[in-house]
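Paired with subunit B in one complex and with subunit C in the other, subunit A is shared by the two complexes that follow.
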Partner chain A sequence: MVNIDDLKTEAKRVLKGGNVKYIIGYGRASDTWKANPVFLRSPEDVDKLVWDPTCFHNLVRFLVDEKRRKAKEKPPDPRPVGIVAKGCDSRAIVVLLQEKFFERMDVFVLGVSCESTGMIDERKLAGKTAGKDVRRVAFGEDQKFVVETDAGTLEIAASEVLADRCLDCIANVPVISDHLLGDKTKRTVANPFRAVEKMESLSGDDRWSFWKDQLKKCIRCYACRSACPMCYCEECVVDTINFAVTAETSAEEKAQRIKWLEKSPVGSENVFYHLVRAIHLAGRCIDCGECERACPVNIPLRMLNKKLEKEAKELFGYDAGFDADQPALISCFRDGDPEDFIR
Partner chain B sequence: MTEEFEPTIIAFLCKWCSSAGSDLAGVSRMEYPPNVTPIQVMCSGSVSPLYVFSAFHRGADGVLVSGCHPGDCHYIKGNYYARRKLSLVKKLLEYVGLEPERFQVSWVSAAEGQKYTRVIKDFVNELKPLGPQTKLRRSP
Partner chain C sequence: MDKILAKKDYSRWLEKLGSYRIFAPRKRDDVWNYEMVTAPDAERLEDVMTAVPAKGIVFPQREPFFEFAETDDGTRITEILPEGEPVVVFGVRPCEGRAVTLTDDVFGGEFEDHYYWKRRNATTLVGLSCGAPPSPNCFCLSVGGSPHSKEGLDLLLTDLGKTYYAEALTKKGEKLVLEGQKLFTAPGPEDRKAVDKIQAASRKKIRRELSRIENVPAKLRGMFDSPFWDDESMSCIRCGICTYLCPTCHCFDMADEVETSTPLLGKRVRTWDTCQFPDFTMHSSGHNPRPDKASRLRQRINHKFQYFVEVWQKYQCTGCGRCISLCPVGIDIIQVVEKVRDHGA
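On to the complex of A and B.
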C-alpha cells in the first residue's frame, strides 16, 4: 500500500532542495470527505497531503494551466512542477509529452500506484451508505474500502464502489515517474471494452435513440472540457472568440457570423459538440474519466471516448499514453492501414 | 404520385485527383445524378472531421470524401493521413447511430471520370431508400 509518509518525505525533500517550483497533490478541505487538489509551495505544506480512494481528480489539468502561466512569467522560472500522479494521470502526462506540450524536464512526477483497487465513484458510494453522511474513506485490507460514516464504520468491497474507469483500468501503475510509491504489480483487465461492445451490439436506431436522449440532457456547461487534460486548444470550436466586435459591428453582422455550431443547448447542437469533442480525443484520451465525473447531468461520455480508444487499438494497434516517443495516432500512418471502407 | 426523394450529397474532392476526375466526367459528357454539391479542397488529408460533421449538421443526406489513390497523393502522404482520420470518423458516426451508408470515402484519380460517376450513382442509390437524414440535422 502507498504509505502517505513516504509521499510526504519525498515531497518535503524536493521542496526543501528547491528542485521544484511547487507540487500539485491531493489535500483535504476541512469540511469534506473528498480529496481536493492542493498546491504545496513550502516544505511545511507537505502535511496537507492525503492519499485515499477519493483522490479521483486528474491533476494533470493544472499542468496545462501552468504552461499558460509560465508563458507570462518574467523571467520564467525554469524549475519543474511536481505532481502527484496516478496511473491514468501519468498516461495523460505521456500524451502531453508526445504532443510536445511541455518537456520531460518541466515536470517532476511523484507516481502513486493504485495497486489492485482504485478510486471510488461517489454515486455508487451514495447507494451503499443509505443516506448517512460519509466522513472518511480509506484503503482497507483485501481490496476493501473502509468507509467512516456518521453511524459507524462500514467495510465495502472495492469492486462494488470503484469508478467504472478504474474497473476498466489498464495502467494501475504510473507509466512514467521520477519517484514511484506503492506496489508495482500490474493488473490485468479481461476486457476493458465491455460497455462499448454491449452498445455496438444494438441496432443503429437503438444506438441513436440512446445517444439522442443522453446528449439532449447536455446543458453545455463545458465541465467536460474544463476537466479534460487534453482539451487545451487556445480557441475551442464552440466559442468563436477571434471575431472582433467593435462598436460598429451591427447585430446582423454578429448573427450572420459563420460559426460551426450554435451555443444553445439544443439536441442537434449538443450532438455536434460531443462528436467534435470525441474525435478530438481520438488516440489521446487516456480514460481518466474526469469528463464523465465532472458532468452534472450524468452523460456517459466515457462510452464515446472508449469507442475511439477501442478502434485505435483494433484498427491501428495503438494505445494512448504509454510511449512518449511514439508519434500520435493521427499524425502517422502505415501502408497497411485498413482500407476496406473506401471505394 | 409522390415525388421521389432526392438526396443531397456534399462531396469533398481533392484538387489534384478527384476534382479533376469529376471534371473529366463533366467534359466527357458522362451522365450521373445531379445530387452532388462538390467542394474542392486542397487534399483529402485537409478534410477535418469537423467538415464532415458540419455537412451533416447543415442537412446533407450523405457526405463523400474523395482523394487520390494511395501512393498518388500530390503531397505524397496526405491521403494516408486522411485514411486514418476518416476511418475513425466513420466508426464514430456509426457508433452514435448514423446509417453507415451516409458517409463514404473513395479514391478517384484524375483519369477516372467513369469511376466518379459510378461512385455517385451507387451513393445516390444507397441513400434513396434511407430517406432524408434527420439525426444530425440542425433543429429548426
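On to the complex of A and C.
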C-alpha cells in the first residue's frame, strides 16, 4: 500500500533541496471528506498531503495553468513542478510530452500506484451510504474501502463503489515517474470497452435518441472541458475572446466574427460542443474520467471518448499516453496504417 | 391559512392541479433536478436538494426576446413574450425561495424585466421546510435564512410524518390549497406544536457555519488587489458550475442567433452567463478587466458579499451549498469568506 509518510518524505526532500518550484498534490480541508488539489511551496506544507480513494482529480490539468504562468515570469523559473500522479494522470503527462506541450525536465513526477483498487465514484458511494454523512474514506484490506460516517464505519468492497474508469483502467501503475510509490503489479482488465460495445450493439436510431436525451441535460458549464488536461487550446471554440477590435473595425466585421456555436443550451449546440470535444480528444484521451466526474448532470461523457479510444486501438493499435518517445497518433503516418477509407 | 394534508393525498392534490404545469424534484441518472410532472397520480414529494436550482423555471437559461426578419418591406421585429401559463414548483427549499426574492430585486424596481415577471407572476412556489439539512454543505442560518424560511414562497409544507402541515403564505398559495378542496383539513393544536418542534430541532442539525461575517463587505473592499485571490484560485479550473448552479446568480448574455442570413432571419436571445468564463467581461476593444481566474473568483465572492450588499443591503448567498458540493475541485465558499474575514487580522 502507498505509505503516505513515504510520499511526504520525498516531497519534503525535493522542496527542501529547492529542486522543484512547488508540488501539486492532494490535500483535504477540515470540513470535507473529499480530497482537494493543494499546492505545496515549503517543506512544512507536506503535512497537508493525503492519499485516499477520493484523490480523483487529474492534477495534470494544473500543469496547463503552470505553462501559462511561466510564460509571464520574468525571468522564468526553470525548475520543474512536482506533481502527484496516478496511473491515468501519468498517461496524461506522456501525451503532453508527445505533443511537446512541455519538456520532461519541466515536471517532477511523484507516481502513486492505485494498486488493485482506484478512486471511488461519489454517486455510487451515496447509494451505499444513503442518508449518512460521510466523514472519511480510506483504502482498507482485501480490496475494501473503509467509509467513516456520522453513523458508524462501513467496509465496502471496492468493486461496488469504484469509478467506472477505474474498473476499466489499463494503467493502475504510473507509466512515467521520478519517484514511484506503492505496489508495481500491473492489473489486467478483460475488456475495457464493455460499455462502448453495449452501445454499439444498439441500432443507429436508438443510439441517436440516447445521446439526444443525454446531451439535452447539458447546461454548458464546460466543467468537462475545464477539468480536462488535454483541453489546453489557447482559445476554446466556445469562448471567442481573441477577436481584436480597433477603432477602425467596422460594424460589419464585428458582426461577421466567426461564432462557432451559440450559448443557448439547445440540442444542436450541445451536440456540436460535445462532438467537437470528443473529436479533439481522439487518440489523446487517457480515460482519467474527469469530464464525467465533473459533470453536474451526469452525462456519460466517458463513453464518447472511449469510443474514439476504441477506434484508435482497432485501426492503429494505439493506446494513448504510454510512450513519450513515440509520435502522437494524430501527427504520424505509418506504412501499415489503414487507408481503405480513401477512395 | 394553515391546513393539514395527508401524505397519501399528495398525488390526489396534484391531480386536481390540471390547469398548472407542475415541476417537482425527480431523480434521473442519479441526479436530482426539477422536472415536469407528467403522471401526478404516481407522485410523491421528495425531500432533496436538486443539482440545478429552481431559478431556471422563472429565469430560463435561454429566453428569446424577439424575432428579426428581413422582408420586402424592410426589417420586421416581432416580440416573443413568455406565455405566462401557470406553473407550480413543488419541493422548493427555503433557501431557494429566499434566492428568488433576490432575483426579484434585480429584475424588478426601476427597470422591470417583463420577460422575468411574466414567468415569475405565473409561478407558485411550494416550499418544503428542511427537517434535516438536505445537503451536508447547507449553511442557510449563517446568511440570514433558516431551514423553514418563508421568504419568496407561496406555500410552505412541513413534513409531520404521515401528514404535511401546509401554511399558505400568499394568495397564490391559498389558491393552490383551495384547488385541493377537501383533501385539506384544519390543523389541531398538536400539529402546530409538532411543526414548532421540528423547526427548532432542524436548526441544530445544520453542520456548517459561516460566522462573524459582518465586516466581510468592508474587508473585501480593501482586498481588491490582494495576492490572496491568486492563492485561493490556484485550484480553480474555470468552469461555470458554481455560478450556473447558484440559485442567486443571475448574470446573462445576449446574442443574435441567426437562422438564415439571406434573407436575414433570427432571434435575439438572453442566455445565462457567468463571471467564470473568459468572454464574460471581454470588451470589444480587446481589453478584459477579469482576465484570469483570480479576478474571476474575486468577482464571484465580491458580488455576493460586497457589491450586492452595497446595493441591496443583503448577502447574495442563501447558503444552499451547491457551489461547494458540486465544485469539481472542492473550492468552498465558506472557507474563502472565512479567510477574507480573518485576512490581515
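Here is the rule we go by: the second predicted complex is superposed on the first by the 322 of 343 C-alpha atoms of A that agree within 3 Å, B and C clash if a C-alpha of one lies under 4 Å from a C-alpha of the other, contacts with A are read in each partner's own complex, and residues count from 1 in each chain.
One rule holds in what follows: contacts are C-beta pairs under 8 Å (C-beta built on N, C-alpha and C of every residue); 3 or more make two chains touch, one makes a residue touch a chain.
Since the model is a prediction, treat every value here as computed from it, not as a measurement.
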item	value
Subunit A as common anchor, with subunit B and subunit C clashing or fitting	fit
First, second, both or neither for A:343, with subunit B first and subunit C second	first
First (subunit B), second (subunit C), both or neither touched by A:316	first
Touching partner for A:266 - first (subunit B), second (subunit C), both, neither	both
Which superposed partner A:189 touches (first subunit B, second subunit C, both, neither)	neither
Subunit B versus subunit C as contact partner of A:227, first or second or both or neither	second
Touching partner for A:240 - first (subunit B), second (subunit C), both, neither	second
Subunit B versus subunit C as contact partner of A:290, first or second or both or neither	second
Vertex subunit A; arms to subunit B and subunit C (CA centroids, nearest 10 degrees)	90
Which superposed partner A:208 touches (first subunit B, second subunit C, both, neither)	first
Minimum C-alpha separation between subunit B and subunit C after superposing on chain A, in Å	6
Common interface residues of subunit A - those touching subunit B in one complex and subunit C in the other	262, 266
For the subunit C and subunit A complex, residues of the former touching the latter	28-31, 33, 51-52, 61-62, 136, 207-208, 234-235, 237-241, 244-245, 253, 255, 257, 269, 271-274, 277-279, 282, 284-286, 288, 293, 324, 326, 328-332, 334-335
Complex contact set, residues of subunit A against subunit C	29, 31-32, 34-39, 57, 61-62, 65, 123, 126-127, 133, 214, 217, 219-223, 225-227, 239-241, 243-245, 249, 254, 259, 262-266, 290, 293-294, 296-300
Sites on subunit B touched by subunit A in the complex	49-50, 53-54, 57, 70, 77, 80-81, 83-85, 87-100, 104-107, 119, 122, 135-139
Complex contacts: residues of subunit A adjacent to subunit B	199-200, 204-212, 237, 260-262, 266-269, 271-272, 275-276, 278-279, 282-283, 304, 307-308, 311-312, 315-316, 329-331, 333, 335, 337-339, 341-343
